[in-house]
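Sharing a structure below in structure tokens format, with a few things to ask.
Chain naming follows the written order as A, B, C and D, and within any one chain the residues start at number 1.
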Amino acid sequence: MLILLEAGASAEQVGQVLALLESAGVKAQVNESAEAPSIAAPHASKVLKADRIEALPGVRKVVPITSPFKLASADGAVQKTVVDVRGVRIGGGGLALVAGPCGVESREQLFATARYVAEAGVTLLRAGAFKPRTSPYSFQGLGLEGLRLLEEARREFGLGIVTEAMDVETFDAVERSADMVQIGARNMQNFALLKRAGRSAKPVLLKRGPSATLEEWLYAAEYVLGEGNRQLVLCERGIRTWSDHARNTLDLSVVPAAKALTHLPVMVDPSHGTGRRDLVVPCARAAVAVGADGLLVETHCQPEKALSDGPQALLASDFFQMVEQCREIHRVLKETPAGFLAF
Amino acid sequence: MLILLEAGASAEQVGQVLALLESAGVKAQVNESAEAPSIAAPHASKVLKADRIEALPGVRKVVPITSPFKLASADGAVQKTVVDVRGVRIGGGGLALVAGPCGVESREQLFATARYVAEAGVTLLRAGAFKPRTSPYSFQGLGLEGLRLLEEARREFGLGIVTEAMDVETFDAVERSADMVQIGARNMQNFALLKRAGRSAKPVLLKRGPSATLEEWLYAAEYVLGEGNRQLVLCERGIRTWSDHARNTLDLSVVPAAKALTHLPVMVDPSHGTGRRDLVVPCARAAVAVGADGLLVETHCQPEKALSDGPQALLASDFFQMVEQCREIHRVLKETPAGFLAF
Amino acid sequence: MLILLEAGASAEQVGQVLALLESAGVKAQVNESAEAPSIAAPHASKVLKADRIEALPGVRKVVPITSPFKLASADGAVQKTVVDVRGVRIGGGGLALVAGPCGVESREQLFATARYVAEAGVTLLRAGAFKPRTSPYSFQGLGLEGLRLLEEARREFGLGIVTEAMDVETFDAVERSADMVQIGARNMQNFALLKRAGRSAKPVLLKRGPSATLEEWLYAAEYVLGEGNRQLVLCERGIRTWSDHARNTLDLSVVPAAKALTHLPVMVDPSHGTGRRDLVVPCARAAVAVGADGLLVETHCQPEKALSDGPQALLASDFFQMVEQCREIHRVLKETPAGFLAF
Amino acid sequence: MLILLEAGASAEQVGQVLALLESAGVKAQVNESAEAPSIAAPHASKVLKADRIEALPGVRKVVPITSPFKLASADGAVQKTVVDVRGVRIGGGGLALVAGPCGVESREQLFATARYVAEAGVTLLRAGAFKPRTSPYSFQGLGLEGLRLLEEARREFGLGIVTEAMDVETFDAVERSADMVQIGARNMQNFALLKRAGRSAKPVLLKRGPSATLEEWLYAAEYVLGEGNRQLVLCERGIRTWSDHARNTLDLSVVPAAKALTHLPVMVDPSHGTGRRDLVVPCARAAVAVGADGLLVETHCQPEKALSDGPQALLASDFFQMVEQCREIHRVLKETPAGFLAF
């Protein structure tokens, strides 16, 4: 159940509700980000009647959560989630852009790329220090040295850092260096990692698995939210199908479909979503037009020398054009507000 | 091979080239739509050397067609194809809109829908008289009576008619009534039907099969083109995958991927592509943003009473909004021309 | 509804029932293959009450058909269908083998292959005279000449002929020459062709489309059955997925799943189902083990010279081994009858 | 490269080769399971010439490993791998059966099931103590208490224990209790977990991910093998496709396809592979017929009360029948040896 409190509910009143829930063995989470606070208590209705809670002072109303996604559900949400990453707001109607090379390869490569990313007015930098690779014989990332270079890039260019944590073992290190921690597609159902991310104080970007249904993706989100971290953003990155003109099939209709079910923001990664440089810009535009809250894009100062995923990295010139076109399309959506709200 | 002729090549000179090709047993097609005429002769290089043809008067140059899609290939094309349907140009940088109900159900239903389609400034009406249905027990369309109503709607509202031919048997009737004949997704590899469409004087809209690769789709186009009909438009309409939040997975990256390989225009059908009304408008916007040459959209005056595909038909109000947003996004693309040409 | 008649119901009594159905505008089909005759009248329950029919003389009982597959449903069936093709019984617990080259290429090729097919004790020969090909530039079959050669092979080796009809135009010719007419995977939803097959006096083999669900496949069967032809066999031939070690993914669990829903026999084509010679024999064995009523296998006297699908054609030696192993496995199933009946 | 040593090569000679490899910075693994020992040194050819190694005493021959799967490749293998799990040999031509409930739920449930598993002559028991579940609100397994019950069952019934390790954190505990550690489908690309399994002294069962190609599966195996654990068995368990009559599509042709590429044994799990009890026995038979080295099957003493995956658990009676039929089919394969060796 979702317990809506009165706007002026005192800490003591909140404490009373929590005490009752605890006495019944129910796990609960206070959400104070909205005007009036609320308490989410998944499955509480199995052990407590609503009227017993509504009788407590400071409680405005108890709402049942019928969705299987107790915490991610749009139904139970007082408002849409907006995630703040070093001043960039993801969700809430804006367009958040995150860009950078697939992996950190060297200071030269990282800085050369970060420089034009910043020049384009993009303020979040993505690059992997730890790289999950299909083959053990492929470049595995620079590891801790990569994190150090990312921190340097943040100081140098004022960019927020988005980078992947591959496992629980290295999560602490990634968490310390990153402004937002990415959970990669292969790890969407790595439940130990999801729970660790759920205990982090840093915002989390959860990529959709290459064969995950929308339902499974939201359940994965539920694992993160359930540990208390509500700063969560979903990211579509292409699914595995038989359609062979691209590396993956970018499933753009999942964006409005997800936003109909959850209060979480939804971004799109057109780089992994297509795997082909010439398809990235058109698909980035399409992602904005479909209503995504942001884009995660790979660009590299010298794609032909990239140690991973070079064929999908945008050239600097393409990147500038993409940013311009996407902002224009986003402006069109904002100026026809009914349509924008419709999805 | 593709034989490029000089701008002022005489009919006699053209005839001489054709005679040589014929004597070698090679099938050839003259294309006079461009400034300088050209002759496409798939597989001629197996029996004739280029220099023998280049020696003929009026011949400027012989270009090999290395693509397996001899007639559909962008390589061999002197220019992009633009298809004219009752004054609406599909291809060439514009945005062609085709809209209407899934099936013709009655004069009232057709006219009520056609009226607001026309009011929105859309000048091509789609509706099926013959309906291919998975179950023999589902509504199969009004047949010839449906065609008659479509002709009436054309007279009444000045709309061009796009409607499906399901089989060779009824093709003649459809061809007589329609301004553009649609080949449906299930029939993408119905080779007898493709060949019949290739012998038609009417423009053809070829939908992608639900499990067709881009390569197979272009080969299907090749069957149509090979019979002489060059007024051909491709249409993406969603593919079959395991992703279950929508009826089909709209494969938008196939649009720029197809346009990189062929000179044919590419449209998108977001209605069948999603099967859910609430996803159609966002996906229509995305289709325009990805670079589609047009949209094929289902709208119905009373979707809740539709005899087929009601859940995916737009309400009139959604439809007006969609038209407005799509035109705005298309304008953004046209005003940033480098980007527009990039896909 | 399904109207079960008494064992000794007279022609006059049957006529009376049919007259009542006709007067109510209901289409009906008499099935006299079982001990007691029955009349299938899909959707009759919408216009006629069961007791009105049960009141007629000769009527034993009226059973509702709740399945959407009114004619194909196992529920409504008095007994499993057994299809007889020139003395070979498909269905009913036996193992029917059909083998031969993908296409008829020449008398030499056809006869050389047919000879060892017959030597292996296989009495049905498959080979295409009309070949549906993805590219218009691929070998399209010998057409009528191919049919003539197949008839010759029948006379020479005493083999029944199974061959594909690609379209309504050439159906008559195929029907005259063949003992069983195949509807190919690409044509599974070519409704005009299905209806034509439904009006044929020859048994029909209906391949599953490469992206057809079991439900869609049974609806396609319904189109054939609805026109009166009850001699129908289903054939699984691999589906299109992203799994790329084989040309298609052979979906063997569909065999017991289909047999749970329909009274029709189900065969398997492991050649198209895998596309790789080295996988055909193991998958043929698996098809028998999963409970298929028969196999459709490609074998060629000289696969390396085949004009189509050479890589999946078995060598003669592999073919003999396959036949031996499959018969042994089939024997195991028959000797553990409970298990055999379980699927 | 693969360095084949002479049968009588001394420890000193082996040490010399290893020293040379180490001095060149090359990682190497000695395989002493075959008659003559060998050393696998992936990528050594980049830094060392073959003749320099062949010049060393005790070295018979240096063979290049051209496969990208340096350690899993059948090319580089001196012989097929046979994995011994508490006396049960997996690989090498036998049929290994592993059975039990999806999860350990209680002593009563585990023992009741284990009892008839043992009665059927099956000597390996599977059951999850740690259960990866799509929803955080589903039964997550008994954890350490489950492991304790499994150890008890081993003592009571003499069964070897196969159970899943979900993460690095709990791997030690699972490893201590299990005779074989399973890596589940969702974790096929959990590289930290794969590496931990590679450092285990216990045999490992690696399930194929629901959207993993054969290539990706073998690369995952490579991660395990690369850490030194060569006791590895692959297990197909169904893939995610749009085919909706079953929970997954059992991809049986991957068994012979995998065995053509790797020396590792390949098992099949028809329970997850279909998700429907009525399809499990037919598909188990098919798995044996296609050439699998063993089966992993779910059976439960009271499926209707199972806390997870009840609909796919075999009843005891079905289970006995399955074991009997599968052994009979396996006997057929062994008695026609050419065929058996062919896949």
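Operating definition for what follows: a contact is a pair of C-beta atoms (placed from the backbone, for glycine too) under 8 Å apart; a residue touches a chain by one contact, two chains touch by 3 or more.
As the structure is a prediction and not an experimental result, all values here were calculated from the model.
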Among C-D, B-D or A-C, the pair whose interface repeats that of A-B, with over half of its contact pairs matching by residue number, is C-D
The larger set of C-beta contacts, choosing between C-D and A-D, lies at C-D
For the pair chain A and chain C, the C-alpha centroid-to-centroid distance in angstrom is 50
In whole angstrom, the CA-centroid distance of chain A from chain D equals 35
Chain C and chain D have mean C-alpha positions lying a whole-number Å distance apart equal to 38
Where chain A touches two or more other chains at once, the residues are 211, 215, 240-242
Touching chain A in the complex, chain C uses residues 240-242
So, in the complex, the side of chain D touching chain C is made of residues 211, 213-215, 239, 241-246, 249-258, 260, 273-274, 276, 278-279, 281-283, 285-291, 318, 321-322, 324-325, 328-329, 332-333, 335-336, 338-339, 342-343
Listed in rising order, the residues of chain D that touch chain A in the complex are 42-43, 68, 70, 132-137, 166-169, 186-187, 189-192, 209-211, 215-216, 219, 222-223, 226, 240
